[in-house]
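The following pair of complexes shares a single chain, chain A, combined with chain B in the former and chain C in the latter.
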Partner chain A sequence: MILELFLLLAAGLFSIGLFGALSQQSIVMIMMGIELMIGGIVVGAAAFWHFLAPATGSGQVVVVAALVAMAVEMAIGFAVTTAIFRARQVDMADAAQDLKG
Partner chain B sequence: MSAVLFGVLAVLALVAALLVFSVGSMARATFALLASLVCAGGEVVVLGLPYLGLVTVLMMVMEMVVMAVFMVAYMMDPAGLTQMSMVHNKRGSLVISAGVFVALAAGILLVRWPERTGTRPADTTFQLGESLMGGQMLTMITLGFVLLATMVGATVLATRRGRYDRFGDDLDQRPARDPVGGGVGR
Partner chain C sequence: MSALLWLLTAVPLGAGAGLALAGRRADGAASWAGVAAAVVTLGLAVGAAVARPAVSAPLFAGVRAGLRVDGLSAVMVITVAAVTACVLLFSAGEFEESADRGRFFGLMLLFAGAMLVTVTATTLALLLMAWEVMGATSWALIGFRWRQEHRVRAADAAFLTTRTADLGLYLAAGAAVAGGAGSLRLDRLADPGTPWLHVVTAGVVLAAAGKSAQLPFSFWLSRAMQGPSPVSALLHSATMVAAGAYLLLRLHPLLAATGWAGPLVAWTGAATALALGVVAVAQPDLKQLLAASTCAQVGFIVLAAGSGGVAAGTAQLVAHAATKAGLFLAAGAWLSALGTKRLTALRSAARAYPVVGIAFTLGALTLAGLPPLSLWATKDETLAAAHHEDAALYAVGLAAAAVSAGYSVKALWYVLRPLPEDAEDAGGAGDAGARYDTEETGTRKVAPAMRPPLLLLAFAAATLGVLALPGVSAALADTVGASGEAGPRPWQFGLSAGVALGAGALAWWWGGRLVPVPGVLREWAAGWLHLERAAHALVVRPVLGLARAVAAFDDRIVDGAVRMTARGGLAAARTAARLDDDGIDALVRATAAGARRLGRWARRPQTGLLHQYYTQAAVSFAVLTLIALLVR
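For the complex of A and B:
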């Protein structure tokens, strides 16, 4: 087990999630992509803690912060989906362009 | 043993992650994502953080069950019975994500990582608790407020009635027009 292998796994998860977040039309599927990206960050932060600085708890705190980001993303994402669906009966990002500049 | 476990979990996590965006059924996509994130949690356990790994797994199981319910509720084709494409700019997304992976991999392999400093404690969960309640207390307080704001924000976004529905156009309608009675003083 070496640090580079764990970081490559994290980069793989992040990149696959990025592909989903950029390419999917459904808001729920976009959220799945973001979940995968944060999953990669969790693995990367845990690997940094294990291989570089296990004596301090900072790496573990980064993992906790990433998990909180996951929970916040899910909760607000579903609330936004509910609000848009209630207003216009759509769940597709292409049909909700209110924030488009 | 842990090296073998790492390899198996890593392959499973990546294959399941790829399946999320390639299967036709939304329910299958949800459970593929669950499998991928459970394997990611397993990797965290392999790294010597059993508490955080278990929290990740438990949280993902609940999140994916909620996600499956939302998919069935909102999406036009949750079972994937009708063949249709729900992607846009697939080639551009593929190029960007492949470019990001190549850049990350180059950084990972080319950077000279520092040597490990210090040794890991016997009880890693105790170390986390000590950090969150000691040196990283401000981080913990911030995360707590973020979660509270999320609860309030999610409720406000998801509820049907807004403040103007309850208090009128000038916000001076008292008592508020609520569908059912109750609350303090009413």
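For the complex of A and C:
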């Protein structure tokens, strides 16, 4: 069990998540891609904390903050997804171009 | 005493202004009010002539408005007032049917009042005012029947002619002020030094010649015949025409002070007397004949004034006033009764209307200068003054006297002789309707009010010769302040009587036949020597041409400069606008367009598609990372 393996896992998770976020059409799938990316970051952060500075607690705070961000993002994201689906029967990102300039 | 003099001018001017302003409303009472005012004025004039009052009032700074009745003025005011009263009484008869009497009598009284102020004024300023009022009212009176275009044109011609000559008085007044006679008193006008004295004199002579219709201004009197007959009677006898002669008599010291003015005036008078006498002979129209004879007879007064015979000139003026007023009234009576003033149509008119005929005959015999009637004697006085000056003047004057006998007797011949048996001679047709009513529709009667003034004036014309009797003559000379003038010698009386009788007899014998002279000459005389045409050619057309040239100058140069300035301003404005539009505005627009284009570019990544935003974010991060790696 070495740091490089965990970093590889984190990079893999992030890349898969990025690919998913960029390639998926469905909002839910995009959000899942984002979850994977954050998951990759959580893995990376935890691995850095565990292998490089296990004595300090600040690394754990970063992991907790990331988890909180994940949870809040999921809550808001699914709320928005549900609301937009109810309002417009839309579940694809391409069908909701409200941010077009 | 002074109230008398104020009243003398205020009564006719006030009554005249009142009547003229009241206009149609005063028509009913106008004639009798006018006659009453004239009679009151005559009474006041006699009173003023006896009392010799003098008044004065401030007018401008340094110039007073003075009125004074001295010897010459005393004679003039009585003449003017008496003739005015007679003429207005006659008009009351003539204007019986006509409307607009208020205006007529008002203007006549204003006219006579202005003449009274003229002859009593002691300063040039006041005289000039009255002089102008007289000119203006004469215009209104000549053009009295203003609905007829030709009468208005005649009034304009008469007014403009006298008005042009009037400028001389302004010149004289200006020169008098410049020369130091700032008070403009008539008796001080001769005071200025050499250069200004000549200007004053020239101005006065010009104005007097214009007003008196002397050569070369005579033609306006012909045009003035378009006025009603009473207007002619007043205008030709005691006022207007007499005003110029009066001015020369009054300002005689001025003529004497300059060497040239006296002979010039005398020769002008003599030439007018002769030339216009010939014109009178050639006239086919009674009123035109009388008008030309007025010029000629006033020429004798001017001749007297020019050769120093003030008393002689005054006597001639008075006698001529009475004679000519009567003659014009008689012609007017025939004109209103028969509707014509052509001599051939007036054949035997004196037989049809005996009262008028008697008056006319007396007047015409007087005008002819036959002894012992008045003009014979007074004319000899003027000729004696001329003889004292220059024998050639006397000869010309004597020739003029012969001509005056000729035209008077010619007029008399027509009105006295019975109609010829063959009707061809009498204007082409025998019956009265064709001969008469060429001017207006005659009434075929002479109103009763017309008779007394006619007879009165005829009587005065015949008897005023007493002015030339030795005792009376000396008294008159004393009155006008010109005692010691050379009176006529007995041989002169005899010679002129012989000339007048001879010429008159010749004219009577010659009758209505044409004078055997070339037609051009006859036409020239009948057309008043073509003076009006000459005035048109020499004055009117050049003045109009000059006016047109000046107008063109104004339009092209002055106005053109203004227009060019405006056009330049417009061009400059257009250039500035182009600069603004194509420069500043374009820059602003280009900036705006650039900003808009930038905005459009900035909006292009905003697709609204989430994954594209992610892509952009990912690419940006990648780039940032690359930069961080490379730059480090």
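In this text, the second predicted complex is superposed on the first by the 101 of 101 C-alpha atoms of A that agree within 3 Å, B and C clash if a C-alpha of one lies under 4 Å from a C-alpha of the other, contacts with A are read in each partner's own complex, and residues count from 1 in each chain.
Note that in this section contacts are C-beta pairs under 8 Å (C-beta built on N, C-alpha and C of every residue); 3 or more make two chains touch, one makes a residue touch a chain.
Since this is a predicted model, take the numbers as computed values, not measurements.
Engineer: In the superposition on chain A, see if there is space for chain B and chain C together, and answer fit or clash.
Structural biologist: Superposition result for chain B and chain C: fit.
Engineer: Contact-wise, after the overlay, does A:L22 reach chain B, chain C, both or neither (first, second, both, neither)?
Structural biologist: both
Engineer: Please determine whether it is chain B or chain C that touches the greater number of chain A residues.
Structural biologist: B
Engineer: Touching A:T81 in the superposition: chain B (first), chain C (second), both, neither?
Structural biologist: Once the two structures are laid over each other on A, A:T81 reaches chain B alone.
Engineer: By the touch definition at the top of the document, which applies to A:L13: first (chain B), second (chain C), both, or neither?
Structural biologist: A:L13 contacts chain B only, not chain C.
Engineer: Quick one: classify A:Q97 as touching chain B (first), chain C (second), both or neither.
Structural biologist: second
Engineer: Let me test your reading of the model: by the given contact rule, A:I30 touches which partner, first (chain B), second (chain C), both or neither?
Structural biologist: Touch partner of A:I30: chain C, not chain B.
Engineer: Figure out whether A:G57 sits in contact with chain B (first) or chain C (second), or with both, or with neither.
Structural biologist: So A:G57 only meets chain B here.
Engineer: After superposition on the shared chain, which partner residues are touched by A:E4: those of chain B (first), chain C (second), both, or neither?
Structural biologist: first
Engineer: Looking at chain B versus chain C in the superposed three-chain picture, what is their shortest Cα distance in Å?
Structural biologist: 7
Engineer: Determine where on chain A the residues touched by chain B overlap those touched by chain C, and list them.
Structural biologist: In the superposed arrangement, which is not itself an observed complex, chain A uses residues 18, 22-25, 94 for both chain B and chain C.
Engineer: Using the touch rule from the top, collect the residues of chain A that touch chain B in their complex.
Structural biologist: It is residues 1, 3-9, 11-20, 22-26, 28-29, 31-33, 35-36, 39-40, 42-43, 46-47, 49-58, 60-61, 63-65, 67-68, 70-72, 74-76, 78-83, 85-86, 91-92, 94 of chain A that touch chain B.
Engineer: What residues of chain B sit close enough to touch chain A in their complex?
Structural biologist: Touch residues, chain B against chain A: 2-3, 6, 10, 13-14, 17-18, 20-21, 26, 29-30, 33, 36-37, 40-41, 43-44, 46-49, 52-53, 55-56, 59, 63, 66-67, 70-71, 74-76, 86-90, 92-94, 96-98, 100-101, 104-105, 108-109, 113-114, 116-121, 124, 127-128, 130-132, 135-136, 139, 143, 146-147, 150-151, 153-158, 160.
Engineer: For a test of understanding, state which residues of chain C touch chain A in their complex under the given definition.
Structural biologist: The touching residues are 602-611, 613-615, 618.
Engineer: Mind pulling up the chain A residues that touch chain C in the complex?
Structural biologist: Contacts found on chain A: 18, 21-25, 27, 30, 93-94, 96-101.
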